[in-house]
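This is the structure, below, for whatever I ask next.
Just so it is clear, A, B, C, D, E and F label the chains in written order, and each chain counts residues from 1 on its own.
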Amino acid sequence: MAHVIITDPARAPLDDADRLQRFGVATIHEAIGRVGLLDPRLRPIQTGVRVAGTAVTVECWPGDNLMIHAAVEQCRPGDLLVVTTTSESSDGLFGELLATSLQSRGVRGLITTTGVRDTEELRRMSFPVWSAAVSAQGTVKATAGSVNVPIAIGKTLVRPGDVVVADDDGIVLVPRRETAAAIEASTAREAKEEKTRAALAAGELGLDRYNLRQLLADLDVRYVEYTESVDDE
Amino acid sequence: MAHVIITDPARAPLDDADRLQRFGVATIHEAIGRVGLLDPRLRPIQTGVRVAGTAVTVECWPGDNLMIHAAVEQCRPGDLLVVTTTSESSDGLFGELLATSLQSRGVRGLITTTGVRDTEELRRMSFPVWSAAVSAQGTVKATAGSVNVPIAIGKTLVRPGDVVVADDDGIVLVPRRETAAAIEASTAREAKEEKTRAALAAGELGLDRYNLRQLLADLDVRYVEYTESVDDE
Amino acid sequence: MAHVIITDPARAPLDDADRLQRFGVATIHEAIGRVGLLDPRLRPIQTGVRVAGTAVTVECWPGDNLMIHAAVEQCRPGDLLVVTTTSESSDGLFGELLATSLQSRGVRGLITTTGVRDTEELRRMSFPVWSAAVSAQGTVKATAGSVNVPIAIGKTLVRPGDVVVADDDGIVLVPRRETAAAIEASTAREAKEEKTRAALAAGELGLDRYNLRQLLADLDVRYVEYTESVDDE
Amino acid sequence: MAHVIITDPARAPLDDADRLQRFGVATIHEAIGRVGLLDPRLRPIQTGVRVAGTAVTVECWPGDNLMIHAAVEQCRPGDLLVVTTTSESSDGLFGELLATSLQSRGVRGLITTTGVRDTEELRRMSFPVWSAAVSAQGTVKATAGSVNVPIAIGKTLVRPGDVVVADDDGIVLVPRRETAAAIEASTAREAKEEKTRAALAAGELGLDRYNLRQLLADLDVRYVEYTESVDDE
Amino acid sequence: MAHVIITDPARAPLDDADRLQRFGVATIHEAIGRVGLLDPRLRPIQTGVRVAGTAVTVECWPGDNLMIHAAVEQCRPGDLLVVTTTSESSDGLFGELLATSLQSRGVRGLITTTGVRDTEELRRMSFPVWSAAVSAQGTVKATAGSVNVPIAIGKTLVRPGDVVVADDDGIVLVPRRETAAAIEASTAREAKEEKTRAALAAGELGLDRYNLRQLLADLDVRYVEYTESVDDE
Amino acid sequence: MAHVIITDPARAPLDDADRLQRFGVATIHEAIGRVGLLDPRLRPIQTGVRVAGTAVTVECWPGDNLMIHAAVEQCRPGDLLVVTTTSESSDGLFGELLATSLQSRGVRGLITTTGVRDTEELRRMSFPVWSAAVSAQGTVKATAGSVNVPIAIGKTLVRPGDVVVADDDGIVLVPRRETAAAIEASTAREAKEEKTRAALAAGELGLDRYNLRQLLADLDVRYVEYTESVDDE
């Protein structure tokens, strides 16, 4: 594979990213048809933070953060950096200095399949990070990779310019051309969830609200009184 | 296996659950003979919370939360929902809406071998959760399972009506008919620990307090001055 | 292997440990040549705490904390206890009582490849811990091990008397005789990082600051305008 | 928990174990309602061997095989030894010498959640083993456990006297009182599978044989010609 | 996401798949620029088998093999079935009956991120399989998925009609339109490797053949006589 | 850390390696005091092979095999190459070409904490390998490391010139200066095991041979007749 740095990729409208940020990751994921999640092993290093932005993608060699440096220059305000390595690595490819650089360019956060370091400083400077590990292990700058090519994380392909939303529940991707539809669907779902929440809080059962009693019967799930079952143990 | 929903199982007295909640999970585990722990991979999504309740058990198909909906109806105030799947799954089978439903019925928390989602909301509504993962991945309602049958989590069998206590250290089970003995043993252990804590704080060594010096000698553990050993390296 | 308790090993000057504590783990690791990290799977049970001390090492049998009791007696103010087992174990070999004992002797914290328990209490008493797991599982006192022998954790050999520094990013070891050099190198690195941070905050790119543009060219990384690349997908 | 060695537990008829051995693990598992599998992480150290026997259960302390020695005495011809530890351990609790002892008593094999060693010798002496690991790590004989108590492995509870069948696909348990039903159901399933195999080999599709076309339509799965879909990418 | 079954996707020429089958997975991966590997956790259930074919892709719900049945109908001679689930699952979604069906249609093998069962039978019928697990766990047919949509496995996106080559080293993907180039590059690499092999067998060092001595010097790797270094330990 | 290639380290007598090769890994490990095992996750890619040799150690950067090339030159007949990386990597750092080079120098095998590739060819050329993974992922030659420095693998420190013995059970290390003692101890253990084997085969119980009945009683392990225990369930 030729290693390339794609410059100036088309991005989803930043306004759409901002609108999507109002919704939780789980809500968007459900609204767009239960797709788009990145690997659930990527976890936030902070709590209670939600962020949305347009993806700048980076593919590094394990133990090497050269291409992150190359990617910084490609970043614009509203972007989120999304990093992976060609094979699994828990090394701390990213820390406070790169975060300073990104923050000065208006980048909203980092998502990486690797480790990160300087986590206390990153929290202090309010630079949100989702990563597969925390590790102080330093890296070299010696091997080629690519910027703004499509990268697979978990079951999902991330393309540059797609919107990525991340919160305590994980990370969801909305393809660049589908943001308007995702906003609409998420708005509708949120409204529906609000009604459901009120009904459930008032004591209505999901069994009734979702018409599941017939399904249980169709699946031959039997109700058995406790005394009857004890002998089976 | 026929799939069943056992209704109205015998439960340990809720007063006993409340009394057990005063003790830490580690204390109860030691007091009842170093047994009863659930899989240590189940971790709290919050910190500093301890809860105890009577178990309502649920066995779901991976990627499917139908039986949790069926289980809600079986819950009473003071219960704790304990969920597993027939094979491993990190999917977010449980979130804010189900928690709303359970909270409206007086359920005290959730323990699940799967993932959960809406974690920020769950913390905000003070609904405590212990899970193997956090994942926004949504689920379907299509496949049968069971409610209030015995389920194995780690090395421990959880039966409906057993008392489950959970805190930052993990989760311990006290069988339904053994709660009184567990309260007594935990009370005794706590008193003993209090004495030990005072002695250790005052400088007494565990070596002396537990009579371990003779054991070390019997096991042929030798004391060697540092200078002597350096040559061995 | 004969099991031994090495008494009174040479220790790095405690003043040096105190000086090293001013630096983050990642900074020291970089300053001393990108070495010395312990297994990144060892994670703190608290956040925002950094500690440094001289290592007292313990090798236990899995499921057995006898040798930790033997090690307590060997500890002095300023020490950090570093524990491993001969094979992997997630059991809670350590809890509040042992922490009380260590704290009364001036020990600054615990690093263990096993699990720990009483985590809420440990946080409350400000006794910092880095461990591979949290587990309430209790242990026995039945099998021999050693104290103050060299132990391998991850890729790093820990010898008694070495300085260990731990924070949110993990744990780094500075060999006993290399503390002065490590302090000097860390001081220099911190000064350099401060300058770099200011430059990056002002908008300078790592590509320029580290002279990476030529390297990218040498590695045949090509810049490609977005429109050109779209056809390749 | 009091540690006990239960002597002379009721066992399923050995004839039934012999009959069940004719069926593959997957066939029995399906026939009895898709239940009874032990943790799929337990893998055979040999290939192409199937064995069935009545369970003698052992609960050991990690790193300690004392209770296996106690269990040997409880074994009869036709038994299978099923071993677990109170917390996870990969140590080699079992090797050639114990296999020699068991083989002399007519025991048919070993299933263990731990490691084993002497694997080459075990294969040579045709003593089949399913384990979670291979490890040469030796163990001690110092800590109490139990024999012939119920133990949980994965999602399944193993009771002494139950029939255990193991082959290349894993391990399935048939409860002691349900062997006759399991034989009947397995026989029926095998006959049905034979017919299905012939039909599928002749080119019939599962879609038709299992009437899945309507289900796909009900689930809104659409058939789309390739040319139409390409634009969506 | 609408669930779709894409019919009759364009496929790479089968002749090209046959030509690629002559090369090892590692050779092709190197020849095409060190890309295209599927997740190395997918391992063969047999040894010494290499296969190449055109991909038919399947996305299933965890614990559900409905879409594999739908995919069978889409298969042609020379295809390889490539299966994943929307979230991780080790269940045995595939066994002898489906293999019979596929074999009757000329399908060359299976690659799946899940588990498989009937492994002994699959080996006996010479139907090669690469999977993440072996598990007898049965599945249901209840939830929608897709056939012949792009799926990500590890870092690599698999599209229907791409060539997949699998052997003992793992699995490599060659995009549909790049097979000719891959054959040419693999042929060239094999020739070069043959020369290198001969040179190395004759005693030439990689250090000399690849001109690495200067690189070592540039990287400040020093040669040190043993006696000199001993004091450093 | 300065990166170094230590030349011509002292090695254990090759005759001693040859003598140790007669014993199984488990036997040596037990004979020398239950120490010296390398990480049990390192598994052979072949079966039924045992090898012993003097260690040449290599520390590589993840994804980079430059230092293996440097190490080849340092190898002599009778050596075993022992490779690790500064952080975890499953990449295929080693394959047929390097094996050809090593075999031409009389090297007896490879032990690596990484992945390997060309596994079928390695088996065919009878070059034995123990590794943590199999992966076709190729590597670069760009980053410094060291040869013949001590490296930690699992709990064990490997120094150049130590004897390493590997078989189906794993890998054990005998320090360079302790080979004679290890041979003597292994010979004695083998003789003892032979007697034990004969006794156990003749029906003597380990309980009696190792005098464990009293220990069980001391540990309060009670014998309970089955009928008595059934009520407890």
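By our rule, a contact is a pair of C-beta atoms (placed from the backbone, for glycine too) under 8 Å apart; a residue touches a chain by one contact, two chains touch by 3 or more.
Since the model is a prediction, treat every value here as computed from it, not as a measurement.
The chains touching subunit C as well as subunit F are A, D. Residues touching across the subunit B-subunit C interface largely differ between the two copies, under half of the numbers being common to both. A count of contacting C-beta pairs for A-E and for D-F identifies D-F as the more extensively joined pair.
For A-B, the equivalent interface among the listed pairs B-D, C-F or A-C is A-C, as over half of the contact pairs agree by residue number. Subunit C and subunit D, compared by their mean Cα positions, are separated by 41 Å. For subunit C, the set of residues that touch two or more other chains comprises 2, 34, 40, 86-87, 90, 135, 137, 142-143, 150, 233. Contacts between chains, counted with the stated touch criterion, involve the pairs A-B, A-C, A-E, A-F, B-C, B-D, B-E, C-D, C-F, D-E, D-F, E-F. Residues of subunit A touching subunit E in their complex: 1-2, 32-35, 40, 84, 86-87, 150-152, 154-157.
For subunit C in complex with subunit A, the residues that touch the partner chain are 24-26, 29-30, 34, 37, 40, 43, 47-48, 167-170, 172, 193, 196-197, 200-203, 205-207, 210, 212, 215-216, 219-226, 229, 233. Residue ranges of subunit D in contact with subunit C, taken from their complex: 61-64, 86-91, 135, 137, 140, 142-143, 233.
Subunit D contributes residues 2-10, 66-67, 69-70, 72-73, 90, 92, 95-98, 100-101, 103-105, 115, 117-121, 133-138, 141-146, 148-150 to its touches with subunit F in the complex.
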